[in-house]
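These are the structures in question, set out in turn.
Each of the next two complexes has chain A plus one other chain: chain B in the first, chain C in the second.
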Partner chain A sequence: MFGLLAALCVVFLAVPLMGLLTQIPWDSVRSELGNRDVASALKLSLLTSLFATVLAAVLGIPLAWVLARVQFRGKSFVRSLAILPMVMPPVVAGLALLLAFGRNGLIGKGLTKIGLTIPFTTTAVVIAEAFVAMPFLILAVEAALRSSQTIQTEEAAASLGASPSRRLLDITLPMSKAALAAGLVLCWARALGEFGATITFAGNLPAITRTMPIAVYVALERRPQSAIVLGSILLVVSFLVLFVLRDRWFRAQA
Partner chain B sequence: MPLSKWLISPPMRMKIAAVFSLALLIGVSCGTDQKNPVEEETPDSQLAAPAGSLSIFAAVSLTEAFEEIGKAYEKKNPGAKVSFNFAGSSSLASQLEQGAKADIFASADEVTMQSLNEKGLISDRPRVFAKNTMQILVAKGNPKNIKTVTDLARKDLVVVLADPAVPAGRYAQEVLNKASVKVTPKSLELDVRAVVAKIDLGEADAGIVYTTDIKSSSKVAGVKIPLEHNVQARYPIAVLKTSLDIKGSEKFVGYLLSVNGQAILKKHGFDTT
Partner chain C sequence: MSLHADIRADAGALVIEARLEARSGEVVGIVGPNGAGKTTVLKAIAGLWPISRGKVSINEWVVEDSEAGIRNPPEQRSVGMVFQDLRLFPHMSVADNIGYGLRLRGVPRKQARVLAEPLIETLGLAPHSKQKPGSLSGGQAQKVALARTLITNPQVILLDEPFSALDAESRPKVRRDMSLYFRHPDCTTIIVTHDPMEAKALCNRVIVMEEGRFIQEGEIDRIADDPKSRYAAESLGLNFFPGVAAGETVDVGGEATLSVVGEHHGRVIVSFHPRAVVLHQTRPEGTARNVFKAIVRTVRHENGITRVTTAGSLSAVAEITRVSAEQLNLRPGAEVWLSVKAAQIQVTPL
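Moving on to the complex of A and B:
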């Protein structure tokens, strides 16, 4: 019974992908790949999702550590706040970002006075992607850091006189490597697929803010056939990364 | 097959029992919600029978006008129900091409309607029911003092336009071409109301939108574009082949073209035919 439902689940997940991949107009793939707009959207997407992942790591990993290891009042509030972007409709996230960092926004107003305008820039794309994708990283890393096995091993090492930095490098990091990698990859993949927050906060302009998901949407309105090609390219890129990286890391862990 | 394989551990059994009783509880409470099923069903089915519900896919610029016309139509025809799906015309057209079910399609341009017609999705000749022009949209009180289309090229302005993939974007481009003005927009929004939103929120200084869009926000104002640089947007409507209620759909189109329907369109700033 469980096997049957599991098989049904695989079918459910695979059929839409097959739908897309079987409809690829192969004769136009080459011209689409050579298309300057497609190339720039793909480049922009890879670049911004990478920067967004770095931003999420720099800010998110310390927060995951604090959530896992430090006791303080209002912790469950902070944790809910950290996960909220994951369940918030992306358009709402984009609107919230606009009302915070826009020209009339809470912080944006001050930034504009010193000559910094964020909406409609590539920076805005990175911010939108990081905002929406960061929870994936925080959740994965926090769970790993809370593992009792890791904590016990750290304590054992401490009792044997290992310094904090030695414990971090020799125990905590190796033991949470797989979760960290999985979190980073998930975060990156979510950033790569970001649409709603980006279009609302950053807008849509070729080479500046038009990422692949937006390019797919625009293409769907003008040339549906090229939307299929663009969508497939995006899927193949993220599937390859998920498949190759996660598989490698999980095997390393086992 | 050994029976033990199908045995479920006691805690698991408890969980399953809990889920089932919860489901039962929900089922029962739903059942008791309908106090008098006989009494409720009769008027409902009587009402639904003559007219039924119409699903109308319409250009986003028609939002307010169509909502009012829908209400007036429902009032005039007791039992009739209309529901709308407002979005960029091209986006609606691709939904219809992909098999979305609807009764009526109202587009903001004839090109989009024509493409649906060529694919055999329309049951009769599209009819133009309204006309619109373009205006420059600015913040209320026009703080940046934008007077002409040429002003849109000013370097100190944040200009957003609709993407040329949607009718409003093509019309805006036409206006700029006619005025021989080259504008570097900060963003090409995916539908015309997103342009209004960016100016309403103060993130952009100006855009080119339909005259009728200006009333959709209280924080914006319009600057007229002279006739020689303006375009005339023509809105066609047609009953779709997928409609399950062609007669009811034609009735709605008839109402739209009637004096009453046209008066509502006029009230919302459309030019009528």
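Moving on to the complex of A and C:
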């Protein structure tokens, strides 16, 4: 009975992928990739997801450090806040961003006064992606920084005379390298696939905010062939991410 | 006075109170049962464990003083610590692990490797110097941990069970090689150990620690004569005699020669448990070879066991039942014969 359900589960997971992959119009892949809209969506997605990952790293790694190493009141609240975007519906995240950065928003009001508009720009795409993808990085890095082995090894370095910054560079970062890489890859993959928050906060402007996932959605109505090619590219990227992370996830089970 | 520590610290439910003074060049042992707080004392001195109050100073330099609000971080204390769980740097080679302390002091990587070479050679780590610690045996890893700390010439060295992962054969040699470093006249060494032989071989004096407190302090032989606790009696109340082995006999000085099992040569420590000592009113008949005449010094009864210290060509401690103690009519000053079976004597090369 269990075996049967398990097999059914595999079918359930595999069928949609097969559905997509069997429909790839191999003859027109080359021309689709040459298509200006497809190319610009691809370029925009790579660019914004990369910037979003950098933004998430610059802000998220210090927060992960604080959550892992500093004791303070309200820590569990801060941790919940940091993980919230992972579980909240992306559309709601986009709406929240729009209300905060919009013309009359909490921050937007001030920004408008100095002539800055965020919503419906490429910057908004980066912000939306970083907002949604950051928790993946924070969780992975915080777990690594909490490792008692790393903390104890830092103590050993301290007793040999290593200052806090030397300990960070010589011990903490090298020992957390794998977790850091995994967190960055996961974060980037999530940013690359971001749809709901982006379309709500940044809209669907060709070459400015129309990222790959949005392009897939738009193309579905008019040019299904393009949608399949774009979708397949995103799928291949997902497989590559799994491949990169395989050691980390599958070794942990062994 | 090189190291002065008077500290109080909390370790879970245990309150630790320790007052310790050690001169430069001195090696002090801390012995005690598991959970006595020995490691916490070392960590507090190293600055790796918060003290609730107290003071630590090294060569008149106050590194921590709760009243004055002074607390130097561990990296500024010139206190080197060898951890029981070693804590080697898993991502660095053996040579880089050992050279790390030098590199922190501004020595370039290449030169640090050169400076580490003699130590690596001495410890027999040369074939492994490019390996990562993960591929070393327990004994090799322990040598790396020792070398990594000793190479920085700290003013205080704290060793937490530093030889426990070494096998019985390599232990004496490593102990000898390493003691050259921490017997340095400018250096104070504190060793936590549970091995009385090690304490005897290395320490000028020992401190017995139980339940967070120092309960006895002094030369190991004096503690063995008059242990203040069951633990001290069990672990330190052994009979130790340094001597020179020649085949199946060991000359322990004072006209006493002990027959032992197996071939041994050179400087050794012979040890046997007080329970292995049999007391007689007159010279025992028969084939027993290790027989010595002595005078009873002290007699102490505890839980049905009588502990007798003696003075003579072999001043051994004996533990016998109270019943036989009464039959032997033991009292200080009385003449007594003692015998020890060769098979009960342990021989440890020095």
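Simple rule for what comes next: the second predicted complex is superposed on the first by the 224 of 254 C-alpha atoms of A that agree within 3 Å, B and C clash if a C-alpha of one lies under 4 Å from a C-alpha of the other, contacts with A are read in each partner's own complex, and residues count from 1 in each chain.
To be clear about the criterion, contacts are C-beta pairs under 8 Å (C-beta built on N, C-alpha and C of every residue); 3 or more make two chains touch, one makes a residue touch a chain.
Everything numeric in this text was worked out from a predicted model, so none of it was measured.
Undergrad: Is A:P135 contacted by the first partner chain B, the second partner chain C, both or neither?
TA: Neither partner.
Undergrad: Given the touch rule stated above, what does A:F120 touch, chain B (first), chain C (second), both, or neither?
TA: first
Undergrad: Going by the contact rule set out at the top, does A:P85 touch chain B (first), chain C (second), both, or neither?
TA: A:P85: touches no partner chain.
Undergrad: Would you sort A:D170 into first (chain B), second (chain C), both or neither based on which partner it touches?
TA: It touches chain C, and chain B stays clear.
Undergrad: According to the stated criteria, A:L160 is in contact with first (chain B), second (chain C), both, or neither; which is it?
TA: second
Undergrad: So, A:G203: does it touch chain B (first), chain C (second), both, or neither?
TA: Touch status of A:G203: first partner only.
Undergrad: According to the stated criteria, A:G102 is in contact with first (chain B), second (chain C), both, or neither; which is it?
TA: Touch partner of A:G102: chain B, not chain C.
Undergrad: Can you pull the chain A residues that chain B and chain C both touch?
TA: Residues common to the chain A contacts of chain C and of chain B do not exist here, since the sets are disjoint.
Undergrad: Which chain C residues qualify as touching chain A in the complex?
TA: 46-48, 73-76, 79-81, 83, 85, 87-91, 100-101, 104-105, 148-149, 152
Undergrad: Across the complex, what residues on chain A touch chain B?
TA: By the definition above, chain A touches chain B via 98-99, 102-104, 117, 119-120, 199, 202-205, 209, 214, 217-218, 220-222, 224.
Undergrad: Would you mind writing out the residues of chain B in touch with chain A in their complex?
TA: 88, 90-91, 94, 97, 158, 160, 163-166, 185-190, 194, 198, 201-203
Undergrad: Please give the residue numbers of chain A that touch chain C in the complex, ascending.
TA: 152-153, 155-164, 166, 170-171, 174-175, 177
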